[in-house]
Amino acid sequence: MRIDLNCDMGESFGRYTLGDDAAMLDVVTSANIACGLHAGDPLVMQATVALAARKGVAIGAHPGYPDLQGFGRRAMALTPAEIEATVLYQIGALAGFTRAAGAPLVHVKPHGALYNVAARDQAVAEALVRAVAAFDPTLIVVTLPNSALLYAARAAGLRVAREGFADRAYREDGSLVPRSEPGAVIHDLALTTARAVRMVTQGEVEAITGKIVPLHVDTLCIHGDTPDAVAIAAALRTALEDKGVVITPLE
Amino acid sequence: MRIDLNCDMGESFGRYTLGDDAAMLDVVTSANIACGLHAGDPLVMQATVALAARKGVAIGAHPGYPDLQGFGRRAMALTPAEIEATVLYQIGALAGFTRAAGAPLVHVKPHGALYNVAARDQAVAEALVRAVAAFDPTLIVVTLPNSALLYAARAAGLRVAREGFADRAYREDGSLVPRSEPGAVIHDLALTTARAVRMVTQGEVEAITGKIVPLHVDTLCIHGDTPDAVAIAAALRTALEDKGVVITPLE
Amino acid sequence: MRIDLNCDMGESFGRYTLGDDAAMLDVVTSANIACGLHAGDPLVMQATVALAARKGVAIGAHPGYPDLQGFGRRAMALTPAEIEATVLYQIGALAGFTRAAGAPLVHVKPHGALYNVAARDQAVAEALVRAVAAFDPTLIVVTLPNSALLYAARAAGLRVAREGFADRAYREDGSLVPRSEPGAVIHDLALTTARAVRMVTQGEVEAITGKIVPLHVDTLCIHGDTPDAVAIAAALRTALEDKGVVITPLE
Amino acid sequence: MRIDLNCDMGESFGRYTLGDDAAMLDVVTSANIACGLHAGDPLVMQATVALAARKGVAIGAHPGYPDLQGFGRRAMALTPAEIEATVLYQIGALAGFTRAAGAPLVHVKPHGALYNVAARDQAVAEALVRAVAAFDPTLIVVTLPNSALLYAARAAGLRVAREGFADRAYREDGSLVPRSEPGAVIHDLALTTARAVRMVTQGEVEAITGKIVPLHVDTLCIHGDTPDAVAIAAALRTALEDKGVVITPLE
């Protein structure tokens, strides 16, 4: 039994600090680093890449919509061609820093609204996949199980990692309950931890209806931008290790 | 006798078009492609890289200050650390597109105010050089002869290309007469062409004082953003070829 | 018989020039001036306002989505609160220049994707109206006949101006044929002119089906960003005046 | 004896929060609200203006260089015409929100690098003054005593407020010791408070040399972006009130 723990990182910008990346890098095994269009700036990217490399955490690009004000959380009507070029731009920019740091770029996980749109919109998913494949076909695409992006990535011969969310409610079909609906987010740490253990060790989750449904994931999303984020992440990691789960990067 | 002809390219942005890159790529041998911070956007970068690659023109990164509104022509008080990270970001972003196009990235030429500041400010020059060297120590740095950037690049073991301006007046010490001074820009095409030929074939230029001074250059800057730019560039190229000069990329 | 002719203006940005505003201001009676978020910058806004004021052309704010790269033509998922604040910001910014120029701010016409979304989405329309009403309830809102924005503006007690497009095909219900459909844009100048005259003098338009349908408009949209824009606009104005139509600003 | 306490506000941006504006508005009498180019966004501006208005705190525009990444702290080589238009843009944008809130706009205080450059560069100072005067000649300009901006504002007939910094070291000529020099910032709260009281009640300050020099100020700058900012501000206010100083807005 093994799982990767991934966390969005490098989301500070100029005068603005977000998250405690240094502490979180002691807990997680994969860092999704913002690429400057929805968050992050060149200094932040350089420092975050260097820190992740030093701590042996796998580095991934975390491209988003070009919308700093909206933090990449507002869907934008980009054409597939714009998606492809915008994602390729961001992967390249981050890869400049990994190359300078002598660290490999391992994965790509889209951010925020782009993550959501790519999970359901085939044209966007395929555009994103074209960008990844054109840059480096050995990169791993991190996305939801059963998503448009998962299928597009597999169809293009890319490696994929299925992502789970221990603190989010699921429907019976394995999709996430939207945040706009009641009960979508689970705030109880013990419950979150128990769900993480169940996902990883048994490949299943209790849907919001109460029914137990299968859910196979390769990586768990660890949130980094809440006040207790590091403590929660550490508790989750410990709980998984106590059950014999090996916490290890994607491969 | 040989010379490279370089031109800034990919300076369109979204709805805004600047220059006739397709036509200019038939004339020049090196393209300095904007990287999205002072001009250019992901679609423009992708298209310009693809076009340059198809036409066999050498591709270089053309990083500038992060100031789209000022087109990178307004000096900004960035720290050396900010310069380094900002330039590395831009080289990486452009390199994503060259990698996807299967074309090599050959050189780096800073843009506008960054070009000027790096030519005279040692700390900025060294920061810029750190970015280039960290990304790829085989890249060629294009800059003014006798500039701070030239010496910093050489000190770091990088290859350099000395750039000449056939349509700009020079002082006796080989430096450019600032644009703010009278006579700084030469608008006569015949004179510009004669100066280009003299620079390339004899390694000298007539300074604004009338004195002939030595000036050794590896590449000539071709301006691309004036209405007659392509015709002027073609005339200049023809004049050089008529004198037996081989127009060929940097190496 | 009277009609206003309006044109988007001030869409240049930094090094980038778009349209021939000076010439167009001799033809139209209302200028919709971009406010810096999708196009325009402070210098451009200041100059365009000054020019319009000098020529006696009515000045309106032309707010758009905060997306310079997409020229405000890509819909963005802003909340109503974000729409309201973003529009108010833009009206205020432009009003700073009209105030400095001693010219009144007369109208507000949303730009591009915001124009389209506000025409069909009631929450967006109401948010936009809140911004206008909060700034100045005497401002005129320019929008499509029968649009969500028209009804929201009227419900808030604002004045409205219904806009017609002589070079666009209409459906029988008076709505525009989307640009993505064949025949949506009319490129023949004589036909465009005839349609303009018919709209203004008879209050009707020939729908794409061939049926004549009523269409009452207070202002015609004149496009300013094509090569022949000024000549087309002048021809249209002359044709209208030849039929006895008075070309006059909204009131 | 009376003094105004002013604090920079509304410097949050999108996902990023900076400072505790609500708490600080209970302590200070003037709020300098960022205008979206170096910090702040439309939602933040709207909320901050509304909050300041509700608490009866005087509202001022806080324009800066268009450099969000650098938080307006990096000098930029803008021409005077660019300064004028950029400042006018920002005043107008903020004034849209004060107008909507039914609150007066009282003062203008430039931010960061623009504050420093305008204090010493006459052309920049005069450009800034042109923007203020063009928008509203009754606005108060907040700046350093003896600065270029102070003289330019007075020459244009504008009202001015001289600003003091209780936690900054002064030279004997009344100018600030640059932050880059040792001892420039005073971290001891008791000392800061004593200096504030001395400035306000006696019109003098102990220079870094130990000599007591005259310093007449109308407003004290309260920093809002440090962890203890509100507590420090409250202590300072209490200390001043204990000495009989009336804390009251500029007029």
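Per-chain numbering from 1; labels A, B, C and D assigned in written order.
Operating definition for what follows: contacts are C-beta pairs under 8 Å (C-beta built on N, C-alpha and C of every residue); 3 or more make two chains touch, one makes a residue touch a chain.
As the structure is a prediction and not an experimental result, all values here were calculated from the model.
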| item | value |
| --- | --- |
| Other chains in touch with both chain B and chain D | A, C |
| Cα superposition angle of chain A on its copy chain D, in degrees to the nearest 5 | 180 |
| Interchain centroid distance [CA atoms averaged], chain A/chain B, Å | 39 |
| Whole-Å gap between the CA centroids of chain A and chain C | 42 |
| Two or more partner chains touched - positions in chain B | 41, 69-70, 82 |
| Pairwise touch network: line, ring, star, complete, or other | complete |
| Touching residues (chain side chain C, partner chain B) in the complex | 11, 13-16, 18, 39, 41, 68-71, 73 |
| Contact set on chain A toward chain B in their complex | 36, 41-43, 45-46, 81-82, 84-86, 88-97, 99-100, 131, 134-136 |
| Chain C partner contacts - residues on chain A that touch it in the complex | 66-67, 69-70, 74-78, 82, 113 |
